[in-house]
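First chain A sits with chain B, and in the next complex the same chain sits with chain C.
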Partner chain A sequence: MDYYVPPTGFKSVLLKLRGNWLAWAGIVMLLTTVILAVFAPRIAPYDPYADIKVSIMDIYAPPSAQHLLGTDDAGRDVLSNFIYGARVSLIVGFFAAFISVVIGGLIGISAGFFGGKIELILMRFTDIMLVIPDLPLAVVLVALTSPSLGNIIFVIGILGWTTTARLVRSQTLSVKERKFVLRARAIGSGNAHIIRRHIFPLVLPLMVANSVLVISLAILEESTLSFLGLGDPTMVSWGQMLNYAFTRGGVSSGAWWALVMPGLGIVWVVLGLTFLGHGLEQIFNPRLEAHHLSVGKNMVVRGKEGAGDVQP
Partner chain B sequence: MSSPKNPPALLEVRNLSVEFMPNKNTHLKAVQDVSFSLHEGELLGLVGESGCGKTTMMLSLLRLLPEAGRITGGKILYRNQDLLDLEESQMSDYRWKEIAIIFQGAMNALNPVRTVHDQIAEAITCHELKTPKEKLDTRVNDLLEMVGIPASRGSQYPFQFSGGMRQRVMIAMALACSPSIVIADEPTTALDVMIQAQILELLQELSRQLGLAVILVTHDLGVVAEICDHVLVMYAGVTAEYGDVDTIYNHPVHPYTQNLIKAFPNLANPLDSLISIPGYPPRLDALPAGCRFEPRCLKAFDRCKIDQPPVYELKDRHQASCFLVEGQK
Partner chain C sequence: MKRYKYLISKVLWASLSIVFVMILNFFLFRVLPGDPARAGVKDPRLTAEAQDAIRVRFGLDKPVINCFESINPLKFGSCLVNPLDTQFFIYAGNLLQGDLGTSYHTNRPVKDMIGESLVNTIILIGFGQMIAIFLGMALGLIAAWKANTAIDFATLGFCLVAWSLPTFWLGIVLLFAGSTWLGLPVVGKFTPGGGLATGLPLFLDVGKHLILPTLTLSVIMLGEYMLIMRSTSLEIFSEDYILTAKAKGLKTFYILKDHVLRNAMLPMVTIIALNLGFTVAGAIQIESVFSWPGLGLSIFEAVGRRDYPMLQGSFLMIAITVIFANLLAELMYSYLDPRVQAI
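Coming up: the complex of A and B.
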């Protein structure tokens, strides 16, 4: 016999995405940035890392046919810098967020699941990390280590896990009390098995939705560090572009193009991620779903052709 | 204790006591001094009002009490092995393989994000780690068919099943490791009468086919009378009366059992008015000093207020805790 099976898993996510314009806007905004970053050498008109001869006229040159968005303080093409800058933002954003979510997930799940002393120690540690302002600590850590891309990723990663840990812990606490965990224990499963097969799958959607937020925070943090001059000096990034334009006379010479573009880039990515985060939450959080409370347009077949034939 | 002519019991619980300690100074006696035994293929009915310790006792058989719960005394002998002596790791070998439990409310006992097939398979792989995939699949499909669910539906998720079907899935899961004892903790709550009847029939049939011993926790005295061999009536954590179905229904000796039976509609005399037992069971933090049933008992006398009656062994596998039966044999 065949049964009608409502789609589940990935298919259902795609279905729910269909009408979710917020998520689509986020996806499109993010995707354009990713394409920019991946194909930077092909898209960018100039190579920002090439040695160039600069004359006084090339510095802060306004937009022209040669330089669509003008040049910066070193006579480099702002558009090319902007396109290459997307790489650093995305790399730092994704990898730092990955580190944060892994640390936060581990701490949150262990604290929530094991409880008792383990929870006390882990959560007090989280509280301490939470009340220490991230930025000064990040500045100190980056200053102590050398400001390379890897170090920046590491520093942002190990500072950004606190909210994830708290979220994951609270979700774990609620999942752990559910009947099927007791049932799994009655079956004879050990802690590792229960965490892997029963707790983690139910915490994962929350972690995914949260990681989008963590990525945007990491991107902001990287831009802030670069703006403060703590970025990797060998890599072009949006924060660094802002820093140079700000500290090297971009404002006084009225070179708005050197300031606006990196700012727009940061806003674009962070906004895209926020949209996507909201959209994902609507998809992954069944409590925001309204279909079982309301009548959808496809749920009532009465009145359609052939549906009313049952009555004598 | 069992007389020599009887075969040794599969499960023998002796003087089991369980306490809850929500904080250091509070000891709530949830189960006190309960003894019963269970033989192969036997159906034991466990009845009592809500909150009288039925589920607590069932969970303690598997040592799955919540954190605040402690087993403070007694023995749980499974094939003469005291489960309370086992290490935690040894205990997990007994869980499900020897004693399986069907939880109250199947909706919650299934993981919503994993397929039904997957969850039944989990029970098997937990004990037989290296079961080949094909063998596992056929076993799960057989189990599903056994409880009347088409095997093709195994790939679906619990939310795609009706309440009755989920309960069947739980039964299939309970049978996954061919246990000798299945504890059915109110398997039919939240199901309508038709489905209730189906589920209980299924349990009874499976018990007969597979020689399963079943402990059926329920509020429904009619069901117990119909399918159970023995009955344990609990009141506020103690045994009120324990005996075979015939004794309990036709010659109950404990006033609580007597009233409980009378509180149940009798089809032979449908016009009889039902008796209700006035009052409520005592709260665990305010237990009466004497007999726990004394405040509601119509036959109570002075001694009931002072002493707590012990469990009297009247004859083989018939116990009651009431001063009225003292000296009877």
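Coming up: the complex of A and C.
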């Protein structure tokens, strides 16, 4: 049986990225958003947090020379809100994904490396968490705690680690069987040393690649929570712009500018991340593309022995 | 024998998951800052006696569980006194009798409220899923058949975009477009007063209100089904029996229908069940946008009203349904593909 060895170094990943146009398109889309978020105060024509005086004419004013994308329910500039909104999406996406990937990585490596009872307990816990629907639980958690940016990041982070744990575990299982681990053990290396020096560096690229998809899920979840009215009330975010525009008469006053732009922003970032994620996935796991047992992220059909191999 | 062992272990793990969800569901609402005792009686105009009366009425005067606040090792015996007369065991006992508590907001049993809205959610999810499954399988099959052509790339592009769309935003856009240009109704289940109609007029009215929410759900689900159908079919195309069928001189239509479609059913059946959690998340958003009176809208409203028993009950209901669907999927998978063995 042939063994497919997933690339384990950052260098080989970059080499394989060369001809992958999907991944590059994703990187470009993501970079534009990051630039927008970082230089928001310089790019945005107005400051969304400044105090302003508005008259009735400024509310849901259509696009004009002063307000390129019109104004929202409070008479604020939609374009400026849009530019600042990129910040919240990216902050929540990156930090929540970081929490998820750290938890998933810890659980996956421990389960894969130690095996036995530890693996059984950890993976069963993962299975249970995988089954519990994320959004209702996130809604409940954020509603019970106060809806601040930190709480939203924390809630999304602690709910999104399950797929990472699965992936990392199977990668750990295949790395663990390599000869250098046996050699390291033979010269007397302890578990901690083997994990730190031999397992972790080889699992890390996969974790980074997986985090791309975790970030996109986190951004979608944040925008959904904000839209449902559970966003941080002190921050301008795309989900919240949609919540305000939708619940405060944006549809009946025909203010398409306030309803379309924030959504396009979310689609842009998530699509960019999806492109990048799919590009990376092709590199790491060609099996995912075509194997009749790999029907989805949630399927548990593969035994320990089969993890990481390719059916002939 | 091995087969039964597999089935039994699956059922056992599912029950364990349900118990876990039940305990989680109870303690989440007790441990987190916005506890029900404070939320239920938050009105400052209530007198102390009235607040106490409300606490007694909802059973919030009893300890959450004995020694919940702190455990004193010297007086450990006191934790064992009357352990069943605590909120947790009363809650568990009520659950076993099918009692999900009383809503703080409407003062009606949560069970009844969930029952009413669940029907509407099932209608929405049912129609949406049916369209998505049918179109997803057909388009996925065509995309695989025409792999690496313009049709295939268009399909793939659509899938990725559909996956990236926030469900609620697609709902808003369709609501905007549908109400402006098509004159479709966008709020609720029927036109005001339309609930009094019977027979065909009622049916047509509800159907009209269903069009946009169903369309939204279908588009959201379609992408994933299409992608999976496409990759499954591609893989089946490379099997030897397809070559044999071709060599026999079978028409392409029959190869697709009898050989590819049949074998592709297997992963599709399971992914549909496994996707239920995702579908529910979509339904919550769609119902909030279109005010469709389903479970999702109840959750959305319960959040705003801090109606904890309702939230708790809905979450438990959804989690248990999803766990059952997953169990069903796994059992079905082992039935459809006997090669699948226990881990």
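In this section, the second predicted complex is superposed on the first by the 260 of 312 C-alpha atoms of A that agree within 3 Å, B and C clash if a C-alpha of one lies under 4 Å from a C-alpha of the other, contacts with A are read in each partner's own complex, and residues count from 1 in each chain.
Just so it is clear, a contact is a pair of C-beta atoms (placed from the backbone, for glycine too) under 8 Å apart; a residue touches a chain by one contact, two chains touch by 3 or more.
All of these numbers come straight from a predicted model, not from anything done at the bench.
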| item | value |
| --- | --- |
| Which of chain B and chain C A:228 touches, first, second, both or neither | second |
| Which superposed partner A:270 touches (first chain B, second chain C, both, neither) | second |
| Touching partner for A:179 - first (chain B), second (chain C), both, neither | first |
| Chain A partner contacts - residues on chain B that touch it in the complex | 62, 64, 67, 92-97, 100-101, 103, 105, 108-114, 122-123, 126-127, 150, 152-153, 156-157, 160, 173 |
| Sites on chain A touched by chain B in the complex | 1, 3, 5-6, 8, 115, 178-180, 182-190, 193, 197-198, 201-202 |
| Of chain C, residues touching chain A in the complex | 13, 16-17, 20-21, 24, 28-29, 32-34, 160-161, 163-170, 172-173, 175-176, 179-180, 228, 231-232, 234-236, 238, 263, 266-267, 270-271, 274, 277-278, 280-281, 284-285, 288-289, 299-300, 303-304, 306, 311-312, 314-315, 318-319, 322-323, 326, 330, 333, 340-341, 343 |
| Touching residues on chain A, where the partner in the complex is chain C | 124, 127-128, 131-137, 139-141, 143-146, 216, 220, 223-224, 227-230, 239, 242, 246, 251, 254, 256, 259-260, 262-263, 266-267, 270-271, 274-275, 278, 289-293, 295-296, 298-304 |
